[in-house]
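Each of the next two complexes has chain A plus one other chain: chain B in the first, chain C in the second.
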Partner chain A sequence: MLSLRFAIPTANSIASPKPKPKSAGSLQFLGNQTDIFSSGVSVPKRYDCKLQAAPTDVDVVNGKTSVARELSEELPVGLKKELMPKHVAVIMDGNGRWARQRGLPPSAGHEAGVKSLRELVELCCRWGIQVLTVFAFSAENWIRPKVEVEFLLSLFERALKSEFESFASESQIELLFYVMLFPSVRGGIRISVIGDSSKLPTSLQKLINEVEEATKQNTKLQLIVAVSYSGKYDVVQACRSIAEKAKDGEIQIEDINESLIEQELETNCTEYPYPDLLIRTSNELRVSNFLLWQLAYTELFFVRELWPDFGKDEFVDALTSYQQRQRRYGGRHS
Partner chain B sequence: MDFKKEVRIVCGWIAYFGDLLLRLLWHLVHVIISLFYFTLGIANALESYLISWGVLKRYRSLHVNKLRYLAIVVESEEAYETSKIIALLQWLADIGVKHVCLYDMEGILKKSKDFILAKVDGAVLYGETHENNKLLDQTHMTLEFASFCDGKEAVAKAANVLFMKYVKSGATDQNQKGHIFTESQMSEALKTIGSGGPEPDLLLVYGPARCHLGFPAWRIRYTEIVHMGPLKSMKYGSLIKAIHKFTRVQQNYGK
Partner chain C sequence: MEKDGINKPARVLWRLGYFLRELIVSTLSVGPIPTHVAFIMDGNRRYGKQQHLNQGGGHVAGYLALKLMVLYCRELGIKYVTAYAFSIDNFKRSPEEVRCIMDLMVEKIEQELSQVDNTFSRMGVRVHFSGKLELLSQPAMDAVKRLMAATAGNSKALLTICFAYTSTDEIVHAVQETCRRKLAPDQIEGKGNYVVKVEDIEKHLYMAVAPEPDIIIRTSGGHRLSNFMLWQSSNTCLITFSQLWPAMSCWHLVWAVLKFQRNYYYLEKKKKQM
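Up next, the complex of A and B:
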């Protein structure tokens, strides 16, 4: 479900050729060709982006490149940094309908959905959202036609694999370019996958483990992808986990309470396990067995747009609505 | 020098009028936006009243039988307004809703349940007339009262019931553990501790927060959630509209 770059190292860990004696702030972006260094290295096509000026100043000290200044993107008008949600969850609904409306096969809708996810990940990085959880494939989705299920899983695997491999093969200069062009993702994206992975193909299980391991040190954004996930399953697996510990004598039966269950939930892979905001697309007003336990105080935002049509404007609307709402928690915090 | 002075004065006047014009423009934009929201509010209120009076045709015939179980979440501060709750339940009874679960975090509605049951004509407590939590068709309205302790706390208690069963069975193999800790086993355990009500089809949230305020998570897997605004400004038309919208929803359960 995702196609994005991860494990982006900080720029000062990359050696680079000597730059031309001109301010990096006035770099010219000419299509795919960006003549920054005297060596005339060109930016690979996948890094191509529409920027007016370079977002960083680059100083070369002792052969190392250090980022002297980072221009973090301004938040859209009306949004306050201190009121930004730490954790946003998204139910990416409507890929099939989007494709149907255009007379396309469901696979085309899922491909378009990946593009929306890429954009959302980039926006979360830019605007300082710490955790993004996306519902990519629910436990109930297994009942869909076999062809569609296989396509969805292969799309997920393909996206993970291509990013993982292309990242591994990149030269340090290319990485420097990436860091310079996208300062918002400096620090990297940490990817975690939650759900009943036992049902997934073994090749995908192996890949998930590799990606999670490779990105676990990244700090810019944690992307949690729910695959074969069900909220009820999450609670049940937490109870099973506690049962094992109880059996092994690690805990006493009297000790079992809600906080203990919370510690065993799959979202415990993040510092912020409770979403502040849940966005569901395609005008459906339900949570569809997603993060049932975790959503007790989550602001719910339902949008009309189908997931492939969900973009920056819709995300800004959701965040604006979230910031404007009067948040009350009653007497307890979950 | 006089010429320079005059230019300065003219520039000052231009700046003054320019500033005035910008301020006027700013206020005009504000007025337009305020008018837009005001008009929107009036339109919604008008629509609500038209629905109440039965003027709008499409809201006249409600397939209320599709709404088997309705849950209402009320913010704890508003839960003290018992008269409003009773009026809301009376409306629901008039519409033909048979089974309602009332929830607030602090359990204020639970404490007032006898008073509420006495005030709502023909209302009975859920569980008293139903064996095995079956929703049977009947003439009177059944009411269930829930609070925060029926949510996460109840799941923890149910888990304890299962743990005891698991430990007593002396099971060590993976299959036995998997057999006990299933979703259906958890649902059964919740019933044994008295927190195993049915899954609502529709959940209406009254209050400022747009969240379900800890309504029992185990029960809202496919529940439609609608935010209704503050209880003090509740409208019969809005209620009809929410139920009407629900009856037209097509759920595909993951398909």
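Up next, the complex of A and C:
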């Protein structure tokens, strides 16, 4: 199976970078905007994806040159494997604006957003990021026009169904075919959904349970989709569970501490609940009630591009900026 | 802020600066002015090293910068100012540095109380300390309580100093208090009164004294919240400057307010929809 996989040249063409329209002077992070005062900030350069040798744990004699070519696109120049974040979170903002700029309906923006998401998932698989959390639908988004909300939920249902068939396929032949096209997802993607699912249509709730159950054993990447999610609500529901436990005498009130709350939050479905890097698109400088508790020490990265325009280059910028930062967690380095 | 002994040119410059700031305030006041601005005061020690100051000199410079920022906020009409002075994580630093910061705080409080340098009182600012104050030494805690009592009657503005504070600790404390209240015997008698809501937790946060911040400004180029006001910052404009905290000037505040004004109408529309 492995030798078949690596002999297929299509793997490389799919992995090659797609050109995306870029606005001139796009913002890497806010430091740029304050250069009228004085600049102490270095701007991360854009990197072309250059082929270079990368370490591999696969040892296939037959397709060795193809292996080198495929894995050599693993990390772009300048990114260090040991400094890659384990958990990346993304606020996918700007689909509506993207569509409006092109005179299209909002649904077209959301469809384009799904394409961007697929590309990001692929990149995360390739570059060894273990958890990707995406803010698909906030608890505050319920107030949007009913038509848009229904479209978003049906889009989510469709995307989930099609990914379910791809990622969780039991059939060997289907899996082989899929792995040939996307070799980086060997090992499978585990999908988890967080948020207040009681407000979602029943069919969607059922589908979510099926997908979570079927992909539970996958190990390549954990994709956490936040739907109808609010950071404050997450903490409130953790508090409710804790209050129940205290009422039943399982714990004392004095025993309530940070790790107890962490265990009750919805992100307890993953080994790495705290994002290392949060990316928000469309130049909005706020967190909008996403992963409130978990963002305590997360590095924030704000991008000017709208979500459908967020691609490999922008992701490389974000990772480069992340790798240059000194994370001290309140202590001192020296 | 004028002291005896300052020469005439310096006074003229100060008055000119004041006039210029008045002009800026009138211009900015055409748009919405934030109610609450929070500062993450990062970079004091690096500033001290850059300027070759003694041990603790950077933190003294940081304190002066805080006073200036509070003054500028008062001039702009910003009623609530919060400053992240010392995190619970900062206790991990060297004992000398921690002791230096505690001594500096006690010294400045004493100066404020004894009217040697009572800037905050003269500005009509009420000073409040938020955090797990039980972690402070007894002299520090006494000084803090005395300052809070002495300025309790001031009402022009509220300066909240987050000391021995982390947002996760604040939320744990709020959860504990909420559970305590909900599980009190008289509560359980009632029907379903023990259901926890968002308002229950918000009531017990240390920062319940102030509304949610409109802007959080972080200095020294860091793009993270570092466990500061996580609960309250969901719709806050997050702004980072590459300058170190003691190098902050009123221009930075002006820039931050302009950015806030840019996003204000969109956010207000969203709030009304909710």
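FYI, the second predicted complex is superposed on the first by the 247 of 334 C-alpha atoms of A that agree within 3 Å, B and C clash if a C-alpha of one lies under 4 Å from a C-alpha of the other, contacts with A are read in each partner's own complex, and residues count from 1 in each chain.
Criterion: a contact is a pair of C-beta atoms (placed from the backbone, for glycine too) under 8 Å apart; a residue touches a chain by one contact, two chains touch by 3 or more.
These figures come from a predicted structure and were not determined experimentally.
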**OP:** Check the residue A:298 against both partner chains and state whether it touches chain B (first), chain C (second), both, or neither.
**Re:** both
Original post:
When the two structures are overlaid on chain A, which partner does A:141 contact: first (chain B), second (chain C), both, or neither?
Top reply: first
Original post:
Which of the two partners, first being chain B and second being chain C, lies in contact with A:233: first, second, both, or neither?
Top reply: both
Original post:
Which residues would you name on chain A as touching chain B in one complex and chain C in the other?
Top reply: 140, 143, 231-233, 235-236, 239-240, 242-243, 246-247, 253, 256-258, 261, 285-289, 292-293, 295-301, 325, 329-332
Original post:
Which chain A residues qualify as touching chain C in the complex?
Top reply: 29-31, 34, 37-41, 140, 143, 231-233, 235-236, 238-240, 242-243, 246-247, 253-254, 256-258, 261, 284-290, 292-293, 295-302, 325, 329-332
Original post:
For chain A, which residues are in contact with chain B within the complex?
Top reply: 138-144, 231-233, 235-236, 239-240, 242-244, 246-247, 253, 256-258, 260-261, 285-289, 292-293, 295-301, 325-332, 334
Subject >> Complex contacts: residues of chain C adjacent to chain A >> reply: 45, 87-90, 92-94, 97, 166-169, 171-172, 175-176, 178-180, 182-183, 188, 194-198, 201, 221-227, 230-231, 233-243, 251-252, 255, 259, 263, 270, 273-274
**OP:** Can you check the complex and tell me which residues of chain B touch chain A?
**Re:** 75-76, 105-106, 148, 151-153, 155-156, 159-160, 162-164, 166-167, 172, 177-178, 180-183, 186, 207-215, 217-218, 220-227, 249, 251, 253-255
